[in-house]
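Mind looking over this structure? Questions follow.
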Amino acid sequence: MELNVYLSGEIHTDWRQQLKDGCEAHKLPIVFTSAVTDHQASDSAGDLLGAEDDNFWRDHKSAKVNAIRTKTLIENCDVAVVRFGDKYKQWNAAFDAGFCAALGTPYITLHNEDIIHPLKEVDASAMAWAKTPEQVVEILKYVLTKE
Amino acid sequence: MELNVYLSGEIHTDWRQQLKDGCEAHKLPIVFTSAVTDHQASDSAGDLLGAEDDNFWRDHKSAKVNAIRTKTLIENCDVAVVRFGDKYKQWNAAFDAGFCAALGTPYITLHNEDIIHPLKEVDASAMAWAKTPEQVVEILKYVLTKE
Amino acid sequence: MELNVYLSGEIHTDWRQQLKDGCEAHKLPIVFTSAVTDHQASDSAGDLLGAEDDNFWRDHKSAKVNAIRTKTLIENCDVAVVRFGDKYKQWNAAFDAGFCAALGTPYITLHNEDIIHPLKEVDASAMAWAKTPEQVVEILKYVLTKE
Amino acid sequence: MELNVYLSGEIHTDWRQQLKDGCEAHKLPIVFTSAVTDHQASDSAGDLLGAEDDNFWRDHKSAKVNAIRTKTLIENCDVAVVRFGDKYKQWNAAFDAGFCAALGTPYITLHNEDIIHPLKEVDASAMAWAKTPEQVVEILKYVLTKE
Amino acid sequence: MELNVYLSGEIHTDWRQQLKDGCEAHKLPIVFTSAVTDHQASDSAGDLLGAEDDNFWRDHKSAKVNAIRTKTLIENCDVAVVRFGDKYKQWNAAFDAGFCAALGTPYITLHNEDIIHPLKEVDASAMAWAKTPEQVVEILKYVLTKE
Amino acid sequence: MELNVYLSGEIHTDWRQQLKDGCEAHKLPIVFTSAVTDHQASDSAGDLLGAEDDNFWRDHKSAKVNAIRTKTLIENCDVAVVRFGDKYKQWNAAFDAGFCAALGTPYITLHNEDIIHPLKEVDASAMAWAKTPEQVVEILKYVLTKE
Amino acid sequence: MELNVYLSGEIHTDWRQQLKDGCEAHKLPIVFTSAVTDHQASDSAGDLLGAEDDNFWRDHKSAKVNAIRTKTLIENCDVAVVRFGDKYKQWNAAFDAGFCAALGTPYITLHNEDIIHPLKEVDASAMAWAKTPEQVVEILKYVLTKE
Amino acid sequence: MELNVYLSGEIHTDWRQQLKDGCEAHKLPIVFTSAVTDHQASDSAGDLLGAEDDNFWRDHKSAKVNAIRTKTLIENCDVAVVRFGDKYKQWNAAFDAGFCAALGTPYITLHNEDIIHPLKEVDASAMAWAKTPEQVVEILKYVLTKE
């Protein structure tokens, strides 16, 4: 058993790296994928097709170019980890969770206790709620290596 | 042509009522559906099955009971309107949008200009972005009555 | 909003009737459906096509005839209620729950506390666990009438 | 032709090992997968995310963590073998069978004659009923090697 | 519960009428549908779009026009009855059965004992095998009226 | 049997009206649906949400608003009629045909002989090719009324 | 581009071998699969699970065991070739064609001119009709090697 | 991450080669697929099965043989690039775009500014509009290599 794990959400802390390092330490057979996490590159993805004056359309174009990547990766993943940090709106993370829920793709949420209430619908469709990247590593290790 | 329209998101302003009133004024053949919007009733939906000490599980239970309703309604709707206000996290609205996107159900977002950037992924999969309930009424009127 | 509710499981107590009576008392707009609950008729459903000497094939034939009904009803329902009593194996109830889970159809389990552990996988995919028919009535009433 | 075979059900006898040994003896190109069969590890899978006081929620958490694994494996398998022994409720086995039936995944049941009647709905959707692991080996050998 | 029943196969005997009469006698709530059973009209359906010199293309055109009807009706039916008589090839009946099998639509075969062997694959995916229209009536009556 | 028929393509001749009149003359039980065929209204559908300076985005916005209608109607239709006239590019008609093909929705093409060659891929997935609205009426009459 | 090609139908002539030889001569990158074509082995496949007195159930058991193989192979193939010879009923071939049609899997029929008429529904959903194995080889060669 | 990219549309310029060369220069891990682009070979694909007198049926036969290839390739691709040039009708390109839209497969359109208006429905469902092959290369490079 191998897993393809999509990492969604917060891009301002190093949780992705912690998660990958933890899994690597256990040599877990996981392929990790993710949206482009370079904030500026992501915001200007659409500029490759020509500049836009209007902010809405600039965002629109970039978001669609990014979706070529994220849609493909989410549809191909076995499990997603969706991270909510303590800053920003992070509606794209909740959007990804809803997308997974509709596809029937299991996902794990990763967030602190103080946002349990606003995340209750997102958690209700999740297969697990973890508070730390280490816990996610433990879950993935259990899923992949226990017999 | 008739439409079944699901109204998702913000429950602290009267946008749902404005929208319904506007559509009624034009006698548009629309059935509107929605999650339970009585905040307290929604939060305590799970209590009907017994009280919980732990906040996470209380929220979990209530969110799942509510999902019996919302999942059924979203899967049956022709179009969703997803409203993002200026308060609260509203992750459930973004979750619903992601759910619609995966199902291929068209949705219209309804929000102000100041949150264009954090909503870019949600807007990128939407069929339209409206700034006011009146605009949504205009769109639905066009869709339903123009020949 | 109306609901089509499939009632699965135990046929030796009157929980179906209690549930229907409770919903009727609240005039809830629900269509209830169910497998044939007349035990003897159900077991001999296949005899209509000719008798069988072999027990396995007699059961097989009857189970398939019954499945014409149950498969159609389960695929058409909005919500299922799956009841586990304290007697018999009731593997068909668990089978129906698995079928619903794969279809993405929400279901509510109805059972006592003493069988929580063996039902943990079935409950894990359920939207709610009720201990009494009255609780199911409360949930359905909430889902259908709260605004 | 290779097969991915999921082994569901009873974890208190060595039927999985017998089946694997038998297939290996014939060098059949099969990848076998399974839920975690270490009973205690499986029951405490959710504890990795923090302990729970309430039995229901402890089971719930563990069952969901296990489902990350089983859902992925069942959806990826070509054939499932579902084993019912003479002890315990084994509702999870029947649940898996129902899940396979809804997905259209062929499955083989493995059980003694004395439980034909309560398993009639589960057998009715199965592609074969075997009484011994050796018979399952024979079936898989036929499916994979006959021309 | 009402049923939409598609009648496929043999058009040279009056089994359809017997079946309808039998169901009507019991006032069963069934809508029956069928391909066009007027042999000559069916063969010349494509001629409405212009004559063809080549037999293959004449048949092709007519078969496709007929498929507009049959595909729609089969996809909308709850149950199909597939009749094999003792004359002609009746490959279209077997084709319809395969179509139903892939869609997961339950079907009942109706044929004599002497063609059990060549129909074994078709019967293997059927929910029931009946020898007479009366038996089909009995099955439908059981499915629709027993409680 | 009733049919829901979507009319796609050319908006500069009165073929839709001819088709409806012909079907009405035979009292065929058909509900006809269509995109908005008022050219100017269709092109400016997005203006209801605010004007755009850039032609691409104006078209984009309008096309998406129109898609709320067309996507819903095409997904709900039983049969589509796709008309190609002798003017304009009519890529939207070919787009609708491809959409129907992927959904498995039967469609009839309506065009003159002189464009057989460039339409060969579109015709190859069609159930029928008609040269005149009268022929489409004949086909629909046959499908709906012949027994 | 590689193709997985399922060969369905007639087992009494060597068309499968001719087809494979022809493709091998052109070194086409094709994996061929097929039902078990050893007639006696196929008929007795179910005997591995115990003998049956009744002919219907013996056939039933064998057909289901065979379906474990054929269902998996057909669902995994890119293209099917369905052969109708001049003997036997070959309802299983027509069944496979209907199964492919419902799945949207392209198939090529292979049969003589004298059975065009009874095969018109089967041919109407096919992507090509070939009269000889050589023609099928030519089609596959074209599909795989032309640029 | 690797991508399977289907190239649809115009066959009279060397845009496919430019695109491939550009991607190769960046060593992007892409498998490109396409319909047969040899115009004459494509038009005569059906002749391999016997000549036709009637132009419609000749085109029909060839288009279906080509569809064996294109349908398989489009259904397997991750992303499609759909090119509209300044000559010919190119309805097959719009057909492919509609097919992708219904499947939920992301596609990029490639065309000049002067045909924005007639392509508005096709562009509305696209994830990006590029004016040059170089821009498509840039997008694919971004999607595949940015982190």
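Labels A, B, C, D, E, F, G and H are assigned to the chains in the order they are written; within every chain, residues are numbered from 1.
One rule holds for everything that comes next: a residue touches a chain if its C-beta (ideal position, glycine included) is under 8 Å from a C-beta of that chain, and two chains touch if they have at least 3 such contacts.
Predicted, not measured: the structure shown is a model, and the values here were computed from it.
Participant: Applying the touch definition from the top, give me the chains sitting in contact with each of subunit C and subunit D.
Facilitator: In this structure, the chains that contact subunit D and also subunit C are B, G.
Participant: Same residues or different residues: which describes how subunit F and subunit H meet, taking over half shared numbers as same?
Facilitator: Result for this pair: same.
Participant: Could you work out the angle of the rotation that brings the CA atoms of subunit F onto the matching CA atoms of subunit G, rounded to the nearest 5 degrees?
Facilitator: 180
Participant: By CA centroid distance, what chain is farthest from subunit A?
Facilitator: Most remote chain from subunit A, centroid-wise, comes out as E.
Participant: Can you compute the centre-to-centre distance for subunit B and subunit D, using the mean CA position of each chain? Integer Å is fine.
Facilitator: Roughly 40 Å, centre to centre.
Participant: Just the number, please: Cα centre separation of subunit E and subunit F in whole Å.
Facilitator: 31
Participant: Roughly how far is subunit B from subunit G, going centre to centre by Cα mean, in whole Å?
Facilitator: 49
Participant: Which subunit C residues touch at least two other chains?
Facilitator: Each of 64, 67, 104, 129 in subunit C touches at least two other chains.
Participant: For the complex, which residues does subunit H have touching subunit G?
Facilitator: 33-34, 36-38, 41, 45-46, 48-50, 61, 64-65, 67-69, 71-73
Participant: Applying the document's contact rule, which stretches of subunit A touch subunit F when the two form their complex?
Facilitator: It comes out as residues 52-54, 57.
Participant: Using the touch definition up top, name the residues of subunit H that touch subunit F in the complex.
Facilitator: 55-56, 59-60, 62-64, 66-67, 84, 88-103, 113, 115-125, 129
Participant: Provide the residue numbers of subunit G that touch subunit H in the complex, in ascending order.
Facilitator: 1, 3, 78-79, 104, 106, 108, 127-131, 135, 138-139, 142-143, 146-147
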